[in-house]
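Next come two complexes built around chain A: one with chain B, the other with chain C.
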Partner chain A sequence: MSTAPYLPASWGAALLVAFGTLWIALGIHLGRRSKDMEGFTVAGRNVGLALGAATAAATWITSNTVMLAPQFALQLGVWGMLAYCTASIGLFLFAPISARIRTLMPRGYTSAEFIRLRFGRVAHTIFMAISLFYGLTWLVSMAIAGGVLLESLSGIPYFFGMTAILATCVIYTLFGGMFAVIGTDFVQTVLIMFGVVLVGVLVLFEAPTEDIHQTLLERRPMLLDLAFPAALMALFNNLLFGVGEIFHSNVWWSRAFAFREGVAWKAYALAGVLWLPIPIAAGFLGLAAPALGINVVRPDVVGPTVAAEVLGQTGAVVIFLVVFCSLASSIDSLLAATGDLLTHEVVRPLLGTPSDRALRRSASMVIGALGIITWVVCLPWIHRVDRPWYEGDPVGSLATILFFAGPLVGSAIAPIATGLYSRRGNQTSVVIALLAGTGAGLWAYFQLGWYTAALVSAAVSVAVIALGLVTTAPSFEWSKLNPTGRGTNV
Partner chain B sequence: MSRQFVATIGIWVSLTAAAPTISVAPSSPNPSQDGTVQLLWSSAEPSARYQVEIAAPRSEDGYQLWYEGTATESFVSGLSDGTARFRVRQVSSSDPQKTGWGPWSAILEVEIAHHSMGKALLLLGLGALVFVSIVAYVIMSALRTREELI
Partner chain C sequence: MILPAWTFGALIWGALGLAGLGAGALFILFVRDIRSGSTW
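Presenting the complex of A and B:
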């Protein structure tokens, strides 16, 4: 492409081996308690506030945050930076919802289980398709992003970088389950927050805000324009995309099940506060790029490019660690949560009434298989990383790829929220809301822009669900969500 | 005239006579509705150094230097409505003093036509309505059920 690696490959390899070994050792050590299925999938339902808040914040700080927040700022200006920050609202809103989940389903395991018990098989099938598509897309996109980023930062070939990141996460998640995921998330959160804020502050010294303002005014005036149409359209789209991601994904539900009673809502609210400075600091890198005279070859690598260009090898080392930590904290969560989804909703019914030991073994095999599938899907990109990103398939940037899931996740917000709090509504309205919302969102994606898809999808879904609520009787019995009758329920 | 001299002249002619080409990436729409342009440029010279200039819409300053270096792509954002014009020229990076800058490429014109404010405000309002509805529903329901919030 156009830029040489910022770190010698030997440094990159040393960092990769050192931190990969650390995560595996830590994960296996922490995961010793994952002896039964309760321990493996929901960490014994006894995670406290500190670990709970850290794991939620770390999971939400993905490679997308590190790469997409600066892209939003560079592409959509000040509004774009604000739009990315609104993703924290999803965590705040999920705080009361997670408490509700914990109360209604004290022995629950997955978000799809809720949909099945609350609305029925057809809604469950559609929801599973949405969840798996979203989960696998996120998993694959992060593994690819990791391989590409490590290559651009350190010259480590894509194949080795992508394989090393994925293998590290698969190994410790497979052996340690949710205990390992949550424990490593805590350490990773500390490193990510320290790294991103440090880079943001150091870049601020290099490019004072007056210089940034003046350069943007002269060369990219729309980035400071409060009447920037695309940015205004993106504001609530990003917010609703984040809300949809968190409301529907088993990554967040599995944590709600894992937190100790009374901890869930505090942990998610605190995670929202912890997460908020990250996109501000990362987004600042995107706005600073023009003032620093840095040529941005593609929008989704502006953050790492600015850090490495301005801070040299020190910045490249910090960004390398931030990227590695943010990738690991999200990939492990996705492996665990998607593995739970498949184990409980697909494998378990096939096995009949399996023993705890057999189910635990199946969960490990599912995680291993997920890792292999992801690795295989990521392999073809090995032929693309040496070519400009726009060649071959017209895949676009990270934003256009990620927000393709917007129609799917936007359509799930209303069914989840109303399904948890209202005894009204039925399978028909939920199925129509999911399908009509997704369809409308896809139309918006292609006709209006990627920055509108989740918004349009959520709006259609809310309208359908609202109609369903006023036309149905309050007939659902909450006790159906806790079929074993164990634990507390309302 | 020695063969080496002829070869040198040949290289010089090939570098200075042929201007590089500049275009918009296939995935970057033209006209652009969000003020962004993904630029690409190239030439037959593998180690060329380039200058890219932009005449931004509504700018009265004419062409301004956008980039100078060996990269062959650049992401442009924040442009206002109107026609943005780009051009590129090259110099051999192995001996730039000797060869000097070549001619400018043909001018690339990109239309910047932002979404209408009416459409933007409509979606902003719709987003606000959906968001407020969801927040109000969740908070009121959470307070009503009074679960673990206390």
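Presenting the complex of A and C:
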């Protein structure tokens, strides 16, 4: 099997320009509602159910979901797909939490603001370091993935693909803020979901599930084994990693602040239902490869390989759009949420008491700067495109980058969850939980394997937080989370 | 323990069906939100 692009570069460039223009036009049009900082950062705190559920689902459907799920299936079997599905549990668990956040912090902006008000400055500093590392890693990995995937799919050189997708997202996020992000996310979600279903159904017409099952049974029965140890470990690790990512990241908190009162809970639960089937619907393409007689040279692009081999250029076009939409919907959210984090937690204190107009201008500048920094880090002569990240790892490719952040985010689950519901606990226990959890998780990442890192980190953090809860008095006043006194609070 | 063929088929078709239904439901919800003026 050849590893040549599945789509002519001219087609890829045309799709990139057409949809890039569409996102920018739509984003700038919707962004005209961003008249002040409330509009730019949290879309006026009035987002309804359809847009709310779509933006949460779209952000969580990254290019990793579409590309890594087939790879997981190919290498870890049925449990690989199911392991990826467990990432939706984070969305389900965050549903009640988002409602709680909306109630406790009716005028809030960021997740770090909660940590600062709830646990103090030291915990805030560590949390900011974790959040920024995670946000920037995710952002850079998405931009790199964009360049590499567009090159694999259509032959567009890495530099141009990476630059185009990043520039598109930066432009519409910079001008339109959260309105632009949420509006484009809706269109992108619908395109992704219909695209994945279309490709999946057409592949099943060529290779029915009975044929796929029979071929796997004959050639790779381990992929159908329900007691595949590495896959079972990946299941729990992926669950905790997903929960950690969602619980701590401002990407999800900023949406909780943006949703209309009463909408957050339903929107996140619906987003979980929308997201749940995607790793299986996209992932089974990896299992279909043997039945279709496809020799997979690069596991990280097994999904597009199967789609293009079976459906020809139509399949390649659909996969290209699905990948483009999933990249854009995550990059724009990361730009907006990381920009908010920096604007509200770093720039705002430096400016003293800035006017709304000055803060709005700063927010745009921060997003622009984030875009430039990401672009520089992703440049081919800084990022080693000649020795890409998809080589030399047991599961390989995208998982390496994805799971490196696992130890960091795993340590944040317990502090966030208990901090929102219990008046017990203090800064000391949270600081120890974040540091010890991250340290133990990183040790596990290197000594035991990537699939244990989030698990170990979360377990250590939970133990420390539990100790903190039983040794402190229930003394925290919830009203401190709403210092303006405006809106509802308990 | 090997996953039976029918369970394997149900898993994949179920996921595709749920994803299709989800996309449709999202579209219907959006139209409802527009009609009631509660998009945002």
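Convention: the second predicted complex is superposed on the first by the 472 of 490 C-alpha atoms of A that agree within 3 Å, B and C clash if a C-alpha of one lies under 4 Å from a C-alpha of the other, contacts with A are read in each partner's own complex, and residues count from 1 in each chain.
Assume contacts are C-beta pairs under 8 Å (C-beta built on N, C-alpha and C of every residue); 3 or more make two chains touch, one makes a residue touch a chain.
All values derive from a computational prediction rather than experimental measurement.
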Thinking of the overlay built on chain A, is A:447 touched by chain B (first), by chain C (second), by both, or by neither?
neither
With both complexes superposed on chain A, which partner does A:239 reach: first (chain B), second (chain C), both or neither?
first
A:479 in the overlay: touching chain B, chain C, both, or neither? Say first, second, both or neither.
neither
What is the contact status of A:264 with respect to chain B (first) and chain C (second): first, second, both, or neither?
first
According to the contact criterion defined above, which of chain B and chain C contacts more residues of chain A?
B
Partner chain(s) touched by A:313 [first = chain B, second = chain C, both, neither]
neither
After superposition on the shared chain, which partner residues are touched by A:47: those of chain B (first), chain C (second), both, or neither?
second
Please indicate which partner A:221 is in contact with in the superposed arrangement: first for chain B, second for chain C, both, or neither.
both
In the superposed arrangement, what residues of chain A touch both chain B and chain C?
221, 224-225, 227
Which bits of chain A are touching chain C when the two form their complex?
33, 43-44, 46-51, 53-54, 78, 179, 182, 186, 189-190, 193-194, 196-197, 200-201, 204, 209-210, 212-214, 217, 221, 224-227, 260, 270, 273-274, 276-278, 280-281, 284
For chain B, which residues are in contact with chain A within the complex?
25-28, 33-36, 38, 40, 56, 64, 67, 69-75, 77-80, 114-117, 119-121, 123-124, 126-131, 133-135, 137-139, 141-142, 144-145, 147-149
Of all residues in chain A, which touch chain B in the complex?
1-3, 74-77, 93, 96-97, 99-100, 102-103, 216, 219-225, 227-230, 232-233, 235-237, 239-240, 243, 261-262, 264-265, 295-299, 302, 388, 390, 394-397, 400, 413-414, 417-418, 420-422, 448-449, 451-452, 455-456, 458-459, 462, 490
State the interface residues of chain C toward chain A in the complex, per the touch definition above.
1-3, 5, 8-9, 11-20, 22-23, 25-27, 29-30, 32-33, 38-40
